[in-house]
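Heads up, the next two complexes both have chain A, just with different partners, chain B and then chain C.
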Partner chain A sequence: MNPLFDTQLQDTLKGVFRLVVPEIALIGTACVVFLFGCILNRRWLWFTVSFLGVILAMILAGTVKTHTPELLTSASIVPDATANFIRWVALISAAVLLFISWPEVSRSTAAEYYGCLLVAVAGASLVGRANDLITLFLALELISIPTYILLYLPVRTKLNQEAAGKYFLLSVMSSAVMLFGFSYLYGLTGSTNLAVITDTLTKANSETLSPMALVGIVLFIGGIGFKITAVPFHFYAPDVYEGGPGGVVAMLAVLPKLAGFVALARVLGLVGGDTRHIPFDANTQLPLLLWILAILTITLGNVLALLQDNIRRMLAYSSVAHGGYMLIGIVVACSIPDATGVMTRSDGATKVIGPSVGGIDALFVYIVAYGLMTFGAFAVILYLSTPERQVDSIDDLAGIGQTHPISAGTMAIFLFSLIGLPLTAGFAGKLMLFMGAFTAPADTATMRNLYRLLAVVAAVNAAIGAYYYLRVIGVMYLRTALKPIQSSRAAPTLIGAMVLAGATLFFGFYPQPLVNAARKAAPVPEIPVTITADAK
Partner chain B sequence: MEKISEIVASPVTNRTLLLLLVLVPFLSAFFVSLFGRSSRRIALTLAFVHLGLTFFVVVLGTMHLNVRAEGTSSRTTDIVRFHPTFIPGDTAGKSGEDGRTGWTLMRLTDAPTSANRSGPYVQFFIGMDGLNLWLVALSSIMLIPAILVSWESVKTRPGAFYAWMFFLQGAAIGAFLSFDVILFYVFFELTLIPAFFLIGRWGEGSARRDAARKFFLYTLAGSLLTLIGVLGVVVTNPDPTTGQITFSLPDLMANVQHWLKVAHDEALAGKPEKLASLHTTQMWLFIAMMAGFMVKVPIWPFHTWQPAAYGEAPIGVTILLAALLAKLGTFGILRFVLTLLPDAAIMYGLPVVGSFAAFGIVYAALCAYAQRDMKLMIAYSSVSHLGFLVLAIFAFNAEGLSGSVLHMVNHGLSTGAVFALLAFLLDRYRTTQMSQYGGMMGRFPNFAVLAFILCLASIGLPGLNNFVSEMLMLAGLFHADVPHGHHYTLAFIAAFSIFLSSWYIMTMLQKVFFSPLKEPLPADPETTVPASDVSRREVFAFGSLAGLCLLLGLYPQPILDSLKTDVKALTQIGNGARARVKGEPVPVESATPPVSTANPTPPPKIVPKKGGGGKKDRKDAKGGGGEEEE
Partner chain C sequence: MSDPIDLALIILALPLLACLNAAVTAVLKSSLSKVAHVPLVLSCAIGAVLGILLLLKVADGETHRWISNPITWFAAGNLKVSFTIAVDPLSAIMLAMVTFISTWIAIFSSGYMHGERGYGRFFAIMSLFVFSMLGLVLANNFLLLVAFWEGVGVCSYLLVGYYYEKPSAAAAARKAFLVTRLGDVGFLLGIFLLWKMGGWNTDLSALFDYIAKTPPDQGELTLACLLLFCGAVGKSAQFPLYVWLPDAMEGPTPVSALIHAATMVTAGVYLLARCAPLFAMCPAAQITVATIGGVTAILAAFIALAQNDLKRVLAYSTVSQLGYMFLALGTGGAISPVFAVTAAMFHLFTHAFFKALLFLSAGSVMHSMGGVIDMRKFGGLRKLMPVTHLAFLCGAAALAGLPLLSGFWSKDMILESLEMAAEGERYTGGYYVLLLVSLITVFMTAFYTFRAYFLTFWGPERIPEEAGHHAHESPSRMTIPLMILAVGAVGVGIAVEPFNHKFSHFLDHAPTLQLAFATSHAPVLEHHGFNWLLASIGTALALGGLGLAFIMYRKGTETLPAAIEPVFALSRNKLYVDEIYGAVFVKPAGVLAFLSGAFDGFLDAMARLISSLPRFVGWWVRPIQNGLVQFYALSMALGLTVLLTFVAFKIAR
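== the complex of A and B ==
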């Protein structure tokens, strides 16, 4: 039959629009904002319109019924649980970002600012549901392009200019590298559809390993490495974080990471479909490559953060380090194909159990926790900065424990969460990741005890990280102000920071809702158990 | 009347009381922080409220434990577990005790909870047993002197100061009561935040910020490794029937024993590989887990944060640090290392950690002697005493274990009290330099009497509390049965430490109290009124502690009785581990009632009656220790 008349195919292609209604709403709002922003530029007006747009997208995301396309192999969008999780994280981030960026949005550029923000959020949400290399690439660019504009909007100083220029050039280059990798994957499998690609490669792998596929995936990891600030690709981060406007930097610290990690997980076949069969051999270099990347990222990020006096640069390196922690989740997920449960039972009954943590679920918990504390930390910095006096160096925060108790208190909560102290969301995330690294099998040929070593390295690094976070807390509470700082009196930012602090504490006390959501988004696969006879 | 007793004894009351014991300090912290100058009175009242609650729990708890000790003495199983009671959220509901809680904080499984109750759940699992009951009581008691000695000295933001003190107390109590390994870790680390602010903001010296930071980072680095160790134990010991991991300590320790037993049986049948690999795993996990506890105790060479922190902290906080937080380390070893890594505790406990501890005992004692500042001297003496305590824990037998639990309480009381004595001097003269004082005996006769009692208690004079526990610990050490046994050497060093401690304490007493009168400048330079002797507030602060020291010295039996069951369980684990390490079959007989019930009790029955002479006829260990003191 002519594929053009295949009703399944037609349904699949027609059904795509239903799957992206909230994103359409976001971009539609953005268009309205861009268009009428030329006529009337008012901060509160476009803030309200954008906020309503986000609310509308949330309502649509909650109400529009979707069903999985009939032909997964030709659908470019999949509405699976992972996609929904990413969408909600993106939408909530959008609402938070609208609030915390309040003080830095100027009257003349308000419409552009909010419009770009909405487009970037729509892009992040689309990455979560892309099932096609082209869609994936477009969605990633949908995050990057508005970011260039956002970084350029308030350019006044050389520092701003450097940040914008650097980000633009490196981002374009990373996209090119990624596209190059995609071309390999397309050339090998003859399709741009991710379901087809993973299927074909998985089948091919069961016989022999294709070095070309490995080249493609390595190039893709290189491209994504830029988004998730993995170590050899992290160089832009400190300069951009230092020079860029606070709200944009907060967005930059979270949304590309969210998108990058979910794209990585999708292309590596770690979410959706059968995670016990992945398009590369879990015994070979790829887990090892990711392992090395994770170790380098955690260690270098933390060590370099020790040396910073500028709080934004410090947060940049800390975000590099946190990217490394999240990579642990990916590394652990790669081990799932090798995982076996060994059971000793006298009755010899077969029992199927899953590992308690699958890696990707830990990653999702961590990225939400990371989003909360990063947004929060930048919100406090934004709140305390005024156009006349920016909060740049850590010493600028001296004594705010006395002068600005609420800002200092929320900042302390975010910093404790970044350290990973108990009763904060950061601890729940770290606990899940460490558990994951320990659940990974320790008896495979290549990796052996490396997963456990990863947990130890991460723990040691968490202690190193505590040093520079604690330094900020010490400055805030144990010193007196040299020059008392004025706050910007931006109520939305402060409210945003307080809500974020509340959420950080809530998920620290009771992480169950978050863990449930993450486990739903990335179910831990069931693993057959080898039964050995009981000694008795 | 019947009804009242029913309500009082009902499980629901017990559970509520225990929950309140953890919650009240946190609520008090919040409440106190709302007040300014008047907060100290409110803080004191709230501390007494908490003490009242603790009193009820102790009374109900001892009754319960004694009943249990009689009820279970005939029960023998190969796998022993802790039996916490008074658990809030007990799954048995209102009717009785189930020993598990239903209050889950985080579930790492999609399976429903009801089917099988042990699973990968992080739970709010707190409970009471013989090992933690008295430490909780100690935590409740010690806050009162800590508040009383801060009465005059804390001028800046007293509301926040007392709030953090309550926070610290709550976190310590939570850690003592936890029966979930992750929950323990949560409370264990939670103590860092209040301690950091208390030292850093209200500290006395110029280096207080560095001290606070050092304390925080050092402890955090250690305890993160402890977390890794704990997770390692959790992951490598799933439930033998369901294959699920568990975070609940009683279940986990049962799993650990099961897998060891399986491997041991194989080893006895001629296939030692599995046991050997388990032992290797245990060694790594032991290193990881001990890292945090060795820092917290602290054991040489990880003690460097401690003199700085104790020295810089305001004196009230030092009392809490020395009395409570140091005990978290020793308690962690007792509760978690011994039960989860028993074989490694036998193999590396005394030989490796014990050697560090023994070296630290002597080293810290010499450091203490060399100090000019009394505060630092007591800080070093604490390192020395706690090294002894850790040695006794790793002796892993009934005498050593019951002695060490008792000594945790005793050391908390006496060291806390000695720090409180310094507060008396600090309030009047603002210095603790030994060289500035002299002839205080004539100047403050009442103070001198109390100081003598407490210092002698700290040395371990017969009739005072530390004597009983130190003798038990020594007996445990001499009796220790470990491979590579140089336990006689260790026991000798431990006994020698008692002599060393009397040496430096007596030197201090002589310099401060007996030489010709020498007074430093008064704290308030304008005042013309000479400093007065012990005020009523101070009598309460350390006079009551002196009374408690005397009481526990003369009659420690209630504490030892309530420990019996749990010490027996630990001893049984120890015997099993010893057999595995030696490659012998587990001595089943030694775990049965006649021998083991006899083990923990006899020594103290004779010791405490009269302080002076009647102890030499007991074991050689006691005779040796006693002579050195007199």
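== the complex of A and C ==
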């Protein structure tokens, strides 16, 4: 049949737009802001307009029906639960970022700043629902390109310029690597649609090993590695975090990671569709590769963070380490499809049980917790920085326990959460990830006890991490300032930080709603467990 | 509003709001912190009104227990912990009592603490304390209960150590916290054991039902009960863990009133009352509870005989009275647990009134004496402080168990339960001895209470020089609570129990008590009349103690005949229990600590060695972060190559 007259295709093409209405609203708002920003330079105005845009997007996300059953599976957008979860995380991040970036937005560049922010958020949200290599790539670039501009906007020093330049060059390179990987995937399957690629490769993989597909996916992982700051693609992070403007860096620390991880999960077939099959040679190569990446990333991030005296560089390396923790979720999820789940029990009963943590759900919980505490930490730094005196070194925070009790209190909450102490969101996230690694089905040929080892390495690293975070708390509370710092008096930033601290504590006391949401987005796969009677 | 659960939640939320409010004003050093007491007083007062409403609702209701829909707090495997509260006669009565007593203590504190440093902090912690206690009372989940239980502990630590600049206060706070923690270890173990036995339930109601239906191994259940009792021993200051309570007098006096009268120390009694269905199944655990209660009652009463510090006399009397409550609790099973628990709860209820009254009166004395509380330094305050004097007299008479006052009725009920248990089937001899012990304690109680009363208020007027211009009756916001509580101490007993049996009928309906009765296989209690013989013996003993105190102390000074001096010296030195603990536990622990310290030094060195490893690794890999973007790009490319090679080799193999 001629596709021109295929009614289903027509419906799909029309229906697809309804799935991205909130993103369209965001980009529309950004266009308005860009356009009229040339005429009017008002910080308050563009802040309000952008915020209303985000609210509008939220309302649309809540009201527009996404359920369109007649949609072709080969459409380039999928409206599944994962996509919705990512969208909400992105939209809430947008609102938070608008608030906390307040002090660094200058009057003359306000429109560009907020416009770029909205576009980047729309990109992150689109990554969650991309079902096509091209959509995925475009969505990822939709995050990157505004980020280049944002890094350049408030250029004051050479350090700023250097940071922006480095980010640009390395980001372009990583995109190129990713495209190279995509070309393999397209070449092997003849389609850019992710569903088709997954199906084809799964079928092919069940018969014989496909080395080229693995090469393609390794290149893709390399490209995504830049976004999620996996070692050895993390080099830009410390330099950019140090030189970039605080609010942009906060965004840079969270949105690309969110997008990167969901893209990784999507391409590996770990979310959406049947997660019992993954298209790549799961039981031998891929989990091991990711396992190595995770360990390298966690360890290197943590040991280098130990040596930093600059708080932004410290947070950069800590963000590298947290990226590594999140990789654990991916590693665990990769293991599940291959598990046979044979258990031996004395009563010989058979029932279907799943692992308690699926990996991706833990990853989602962690990324929300990570977002809360990272945004929060940068918000406090922004709040305490003034144009005359930036908070750069850890020593700049000395004595703020006395002079700025609220800032210090919220910062302490974020740092405790970054350590992963109980009753903070960070603890809930770490607990789920570690439990995932500890209970992962260990009956695949190559992995065996490696999951437990991973959990142990991660736990040791969490202890190392505690050292450098606690050091900051010690400086804040136990030392007195040589030069007391002024705060920027940016009320929105302070409010943002307090709300984030409240949320961190809330999800620490009561993580169930977050866990439920993450589980809805990425249900724990069920493994039919064959329980055989005890031999003895 | 109409649902009891909603009412209870509102009562629970009020002090939390008050706490947040007081904390915010205290942190911001706002001028509002001068009126920090207002939120607490209001929340307690409204809570008390709502609590009495709730009480009426529960009494009228067709059903006798409401359980809120559980909200999952966390769940992992078999362990599921939820936020859930239960309103039944037992918790309703505690709720009303705690809020009522707290209201008057809060009002009193606003006068007592006037002008102290950290006024806002004080009321913030007090509010949190009341909140934790109410949560403890309502919690229908063991782990939730533990959370509030520890919350009470933390607040008491903060309140006892309120004058944290004072070394003795800091030490007392630490002691209170650590000693109760000792008991808590057992408590937690007990909960886990019950969790295992009780079909992996942590909700109290579900757990009790499960255990009643499928009775576990008797030995295991007894062990679990005894472990729970450990927690109660720590919290309710029973032998051998009572040592923290007298030291806790270092806190401001209203705190002592709050901790010792209505809250904290009664938590242990309440816990056992709540868990009556479990205890009713284990006679061995019950006799242990009763024995510990008896030992504590007489031991603490003996120590109270010769204390010179007015507050310490009261503190030891609290310990002793709590022993009475455990005595009553310990008879459940031998007799109907409904009666045993009712006796204990009734004594808890009346004790809350007169002990709060006594402490607040002592606080009033201390306030006007400029912080002096040693009875040797003042005396004859009858004329100077008429309201305080009368209030203290009411409280003392109630505590001594003089006829018709509230303490008389509740003590009588306890004696009666012991007497019935002594006529029962198991451990009759034991219960008989315990009955004798409690009768002796009645005598001693009357004696030391009135000793304190005569020493403080009779004889020639003596005022320490620290008092200065303070030496006058306290302001009205301190005396009004005294008057109200005095009325309660005198009348609350006769009003609710001896003639109309309102209290016992009310508690009769408590589902847990009914369950306890069903599991205990105790003989059905035929309602026999007032036990005139026992009541007369008790009255005679109390009057005897009073009389002896009058003869010895009516001049307001202490002159001891040489014959009983050694006995008093023994009592004054608290039977050397602190010293014995010091020699038996603390000294060996000190040696052990030294050895551990040496070992720790070794481990520390090793740990330092290990902990320097990450730093070394970091220092070693640091040069790769050299800031050159070309190098970064090259590393990324090389990294990718390594990954690809890795995959290639793995496939080739």
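Definition applied: the second predicted complex is superposed on the first by the 516 of 536 C-alpha atoms of A that agree within 3 Å, B and C clash if a C-alpha of one lies under 4 Å from a C-alpha of the other, contacts with A are read in each partner's own complex, and residues count from 1 in each chain.
The working rule: a contact is a pair of C-beta atoms (placed from the backbone, for glycine too) under 8 Å apart; a residue touches a chain by one contact, two chains touch by 3 or more.
None of these values were measured; they are calculated from a predicted model.
Superimposing the complexes on chain A yields a three-chain arrangement in which chain B and chain C clash. Of the two partner chains, neither chain B nor chain C is touched by A:Phe506. By the touch criterion defined above, A:Phe438 lies against chain B but remains apart from chain C after alignment on the C-alpha atoms of chain A. Contacts of A:Leu304 after superposition: chain C is touched, whereas chain B is not reached. Shared-chain residue A:Arg452: touches chain B; no touch with chain C.
In the superposed model, A:Ala462 lies in contact with chain B only, and not with chain C.
Touch criterion not met for A:Phe36: it reaches neither chain B nor chain C.
Once the two complexes are laid over each other on the shared chain, residue contacts for A:Pro422 go to chain B alone; chain C is not touched.
Contact with chain B, but none with chain C, is seen for A:Gly474 once the two complexes are overlaid on the shared chain.
Shared interface residues of chain A, touching chain B in one complex and chain C in the other, are 356, 435, 467, 510-512.
Put simply, chain A touches chain C in their complex at residues 165-166, 169-170, 173-174, 177, 209, 211, 214-215, 218-219, 221-222, 225-226, 231-233, 235-236, 238-239, 284-285, 288-289, 292, 299-300, 302-304, 306-307, 356, 405, 435, 464, 467, 510-512. Taken in their complex, chain A has these residues touching chain B: 341, 343-345, 351, 353-354, 356-357, 416, 419, 421-423, 427-428, 431, 434-435, 438-439, 452, 455-456, 459-460, 462-463, 466-467, 470-471, 473-474, 477-479, 509-512, 515-516, 519, 523-524, 529, 534-536. Per the touch definition, chain B reaches chain A in the complex via residues 104-110, 120, 122, 182, 185-187, 189-190, 192-193, 196-197, 200-201, 208-209, 212-213, 216-217, 220-221, 224-225, 227-228, 231-232, 234-235, 238, 240-245, 262, 265-266, 269, 288. If you check the complex, the residues on chain C that touch chain A are 27, 72-77, 611, 614-615, 617-619, 621-622, 624-625, 627, 629, 631-633, 635-636, 638-640, 643-644, 646-648, 650-651.
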